[in-house]
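Structures incoming, each one as structure tokens.
Consider the two complexes below, in which chain A is the common component and chain B and chain C are the respective partners.
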Partner chain A sequence: MIGQIAVNSLALGSIYALTALGFVIIFRASDVVNFAQGEMMMLGAMVGLLLYRDVHLSYAVAFVLSIVLCMVGGALVERIAFRPLMNAPHFTILLSTVAIGQIIRSGVRILFGQEVSSFPGVWSAEPISFMGLRTTALNLGIVALTIMTLLVFILVFSWTRIGWAMKATAQNKRGAAIVGISVSRTNSQVWAMAGGLAAVAGILLAPLIIITPDMGVIGNKGFIAAILGGFTSLPGAVLGGFVLALAENLIGVYLSSAFKDVIVFVLLILVLLVRPAGLLGRQIVKRV
Partner chain B sequence: MKSLIRLAAVSFAALILGAGQQVLAGDPGISPTEVTLGMWTPLTGPTALLGTSERDAIEIAIDEVNAAGGVNGRKIKLIVYDDAGSPQEAMTSVRRLTDQDGVFALIAGSTSGSTLPVIPLVNKGKIPFVSSISSNRKLLDPFSHYIFRVYANEVAHADGIVEYALSKGIKKPAIIYNSNDYGVGGQEEVAALLGKENMPLVAKERYNQTDQDFSAQLIRIKESGADSMFLWAFAAEAGIIVRQARELGLTIPIYGGAGISTPLFTKAVGSLGKGIVAAYVVPDLPEFSSKDAVVHYRAALKKKYPGSLPPGRPNEYDLGGYAALKIFAAALSKAGSVPTRESLIAALETLKDFDVGVTFPVTYTSTKHEGTDQTSLLKVSDSGQWEMLSEGK
Partner chain C sequence: MTLCPLLLGSDYLRFVAVLILINAIAATGVNLSMGYCGLVSVGHAGFLVIGAYVAAFFVNHISTSAVLAIAGGAVAAGAAGIVIGLPTLRLNPLYIAMVTFGFGQAANLVAVNWIEVTGGPNGLAVNPPTILGFEASNTTLYLATAALFLASSWVASCSGQSRLGRAFLAIKESEIAARSMGIAVERYKMIAFAISSIMVGIAGGLYALVSGYVNPDAFVFQVSVLLVTMCVAGGLGRLSGPIIGAAILTILPELLRPFAEYKELLSGIILLGFLVLMPRGLASLVGGWIDALIKQRPA
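And then the complex of A and B:
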């Protein structure tokens, strides 16, 4: 049974992980928590569905185009809700992202209505059995894509000029500007990436659950996963996603499904008390 | 001293006059030419479909009544506020309707979660309320002199579906249910009905409204060795639950509460929904029925939305709202030449087998404000659509 619980946690964990990644890359580069991440994911799924079902594009084209559109969307959010506030207190920027999330959610609801739609997956959702464990090709594909996305982001952050620029901007805006990095361009790029990531997560998640304007609430779980992982570490975010999904399901099966959320939040507080920097995060020491 | 007596006399006279004036003015919200109804309902938010359906239906019914000259010459006017499904907004809206707008009566209401909290306001304000969304038992338990329900409550829903499941020979039933008023109420009712047959639920699993993953609950149900599963959920998450159950190899028959018997469920669940049976609150499928009253309503709705109807319409909330207004109008016409809230209530309590044609007929008495306990059953056909399984119980 434990095996089945673990297998069942993989796909859900992947979605938590992808959302957590979105939180982490924006935080690393811009030093803010983007609470619109879940809504951007929902938007990605909605746009993907629109292109696939209503515009009749092929799945691959709809997927890629939706990523591109969400990248543009991410950059727009940066331009509208982040850049003008760049020097405002963190709390102000945070509220601004919450507002953007609400605007996206309500906007989608007005345009699409409270429509419930299911999105076909690129892989089959027919159950397959392997050594007594049941899963679907769709679930396995989602896990593989999540790992791949993680690797791509690690590469970008560690080995490319954009990655270095992001790191430098986050550490010291003025310093980065002095050495010739365009801070605002770097921020645009990061938010665009987070938007694209949200689209990937949204489209992958869509066939697992059901597309509604409220599916963005899963972003809250991504936030917790990011905290578990340390909020600065990319592999930490992914690990945090898997750990959170597994913990939820273990608690649900062995303790109580009713208190699942309560216990998860208690665990979160414990982790913060014992390891304030999360599972894989580094303690950030700011020197004055 | 003299002046004091004079003052007392004047005050007394003013009091009498004031009181007299109040009696002459009658209840608020009604004049010889107009009667005002108040409605609070979710027009936005996750449950917006319920509210917008009810509002449209009530507006259509009002237009029909007003086009025919109104009720005894009084045109019906409607004031609607959006509560977005939130109990706090519901409280604010009802206060505004009663204190500020001074409506004569309330209609439709909101989801159970946003209707139950306003019951004290309704009772204290002594305002008649014809309710057509909430199916929660507690709306009329304890009994309220002011509240009338249009269709069967959750007890009756559970009755119908449990009876059907028992006839299919279930032995070890389990249940998965929403942790809100709707789900908990349904779970208690199903458990009580099965308890009468000495058949305990082998697993009772609850989830929270925003949950997206139900593996833990479903694994527990699978491990319990259940041979059937009751599902007390709303359509969207019910779709995910059924899909995840089938993915886990949980192929036992599923019996649903009325929360899933909407086209949204069949859309969400896809081909895996085949054979699922659920309770239903109206005698005919609003989308397909060929019954005159339903056909008539569909035509009126299409006029309201030239082009195409919004998704998920018409549904049972359309029919419930339409019936609620027609029931109100019928009672008002019998409530005397100068109707008061009390005379409206008295008139409602004389309705017997009153049939609007779109819901089950209602009967109210001075001690029973549940209009009906009749329900029907729906089944997901091989083509993946709901079809009527039986009419009435």
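And then the complex of A and C:
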């Protein structure tokens, strides 16, 4: 039973992990929690749906194109909501990302209406059995694409100059600027990357749920996953995503599915009480 | 100024005027923790939920007294504020934003799912309350709202000018500097957050009694954002800020009723516009004399 629940959690966990990663890279580079991350995810799903269903592009092309568009969107958000406020207090920037999220959500609702649409299945949702555990091609596809995305992500982060610049900026902005890294350009790249991650998460999530302008609230889960993982650690974010999905499913099965999200929130408060730095994070210490 | 609901002829205008006062109480609460002390909350609608449903429960099941109902809602909201604040206020200031966000969602989910008590998504009708044993007419409820509005502004004004307010300001400017001057940062943050959640709880209770009906849709995430927008548009950290913001952001959607679908978009654009272009809010233009007016006439 537990094994089956774990397998069921993999697809959802992948999506949480990708969203959490978006939160964490922006936080590390820009010291901001981007509350528009969920809306970027919704945007990715919407754009993917439009390109695939209405423009009749192939799934792969629609997938890549919507990632690219969301990367542009992410960079745009950085330009509008972050850069003019770079020297403002933290909470001003946080609020401006909340505002951007609201603008995206209501903009999509005005353009496409409140109607719900579902993403036509690319992989079948028929159950497959393997060693006594049941899953579907759809879930396997989601996990496979997530692993691919994570590999690309690791590759960019560890082997390209862009990735090094991101790491350096996250460690020390002034130091990075001194060695010739353009911090503002790096910021814009990080936000673009987070937009791309959100798009992947959105498109992968789309066949599992219905698409509405409000589906961005799932970004909330990525956010909780990021807190669980520690909010400063990239592997922590991924781990947090899977742990959260597993915890949710366990609670849903053994306790109450209606109050699942409430119980998860209580658990989050408990985690913060016992281990504020999360699973793999380190305490954020401000040096004077 | 606060008595003008009584002068207005039509019931609709009166209702809008009372709504402004209720929103002003809630926004004053948000301003106290966010504007004075720098604690960002994007989940204060959660305290509205608690205040409103607890007040509704009191009136429907325990006693019809409006005073008891609102006090019950305020105490429950304050208790929730303390429970949330205790673990999170010790941490990096960002955590309070994250946790209030989750709290707002969780409170709303409880309202949607705990059907036996809250009536679920359909909402709950609130019985007519009584004040001092008499059935409360609209007029008495409006008077009560006005009184509570003055009281909350008075509390905000007092805490703004006292040792408390100076401590809040010091924490907002620099936590490290405040701590090194011997200010018990955690304790003051807790006080700010608790007062703030109590005020928002009162606003929730008033809303339940005045409108006679509560439902979860009235307390969604967008409402938390709206409360913050009121503070920012009016002027964060100023006494008159949330009041001006509440007036504008309550009237504007009513005027724009034919364009209801643009309401959310508009409030997003207003928030962003003020943050980028006028971070000190409208009160920085006209607030001086309003501040003076309120300070002269404490409730």
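The definition used in the following text is that the second predicted complex is superposed on the first by the 278 of 288 C-alpha atoms of A that agree within 3 Å, B and C clash if a C-alpha of one lies under 4 Å from a C-alpha of the other, contacts with A are read in each partner's own complex, and residues count from 1 in each chain.
Everything below uses one rule, namely that a contact is a pair of C-beta atoms (placed from the backbone, for glycine too) under 8 Å apart; a residue touches a chain by one contact, two chains touch by 3 or more.
Bear in mind the structure is a predicted one, so any value in this text is a computation, not a measurement.
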When chain B and chain C are modelled together on chain A, clash or fit: clash
Touched partner set for A:218, first chain B, second chain C, both or neither: first
Touched partner set for A:248, first chain B, second chain C, both or neither: first
Partner chain in contact with A:5 - chain B first, chain C second, else both or neither: first
Contacts of A:86 with chain B and chain C, given as first, second, both or neither: neither
Partner chain in contact with A:177 - chain B first, chain C second, else both or neither: neither
First, second, both or neither for A:279, with chain B first and chain C second: neither
Partner chain(s) touched by A:140 [first = chain B, second = chain C, both, neither]: neither
Touching partner for A:127 - first (chain B), second (chain C), both, neither: first
Which superposed partner A:210 touches (first chain B, second chain C, both, neither): first
Overlap of the chain B and chain C footprints on chain A, listed as residue numbers: 106, 109, 217, 258, 261
Complex contacts: residues of chain C adjacent to chain A: 34, 38, 40, 42, 84, 87-88, 90-95, 97-99, 101-103, 105-106, 109-110, 113, 176, 221-222, 225, 228-229, 232, 261-265, 267-269, 271-272, 275-276, 279
List of chain A residues in touch with chain B within their complex: 1, 4-5, 8-9, 12, 106, 109, 113-118, 125, 127, 129, 134-136, 208-210, 212-215, 217-218, 245, 248-253, 257-258, 260-261
Complex contact set, residues of chain A against chain C: 33, 35, 80-81, 84-85, 88-92, 94-96, 98-103, 105-107, 109-110, 217, 220, 223-224, 227, 258-259, 261-262, 265-266, 268-269, 272-273, 276, 284, 286, 288
Chain A partner contacts - residues on chain B that touch it in the complex: 44-49, 179, 205-208, 210, 212-213, 215-217, 219-220, 223, 235-237, 239-240, 243, 246-249, 264, 267-270, 310-312
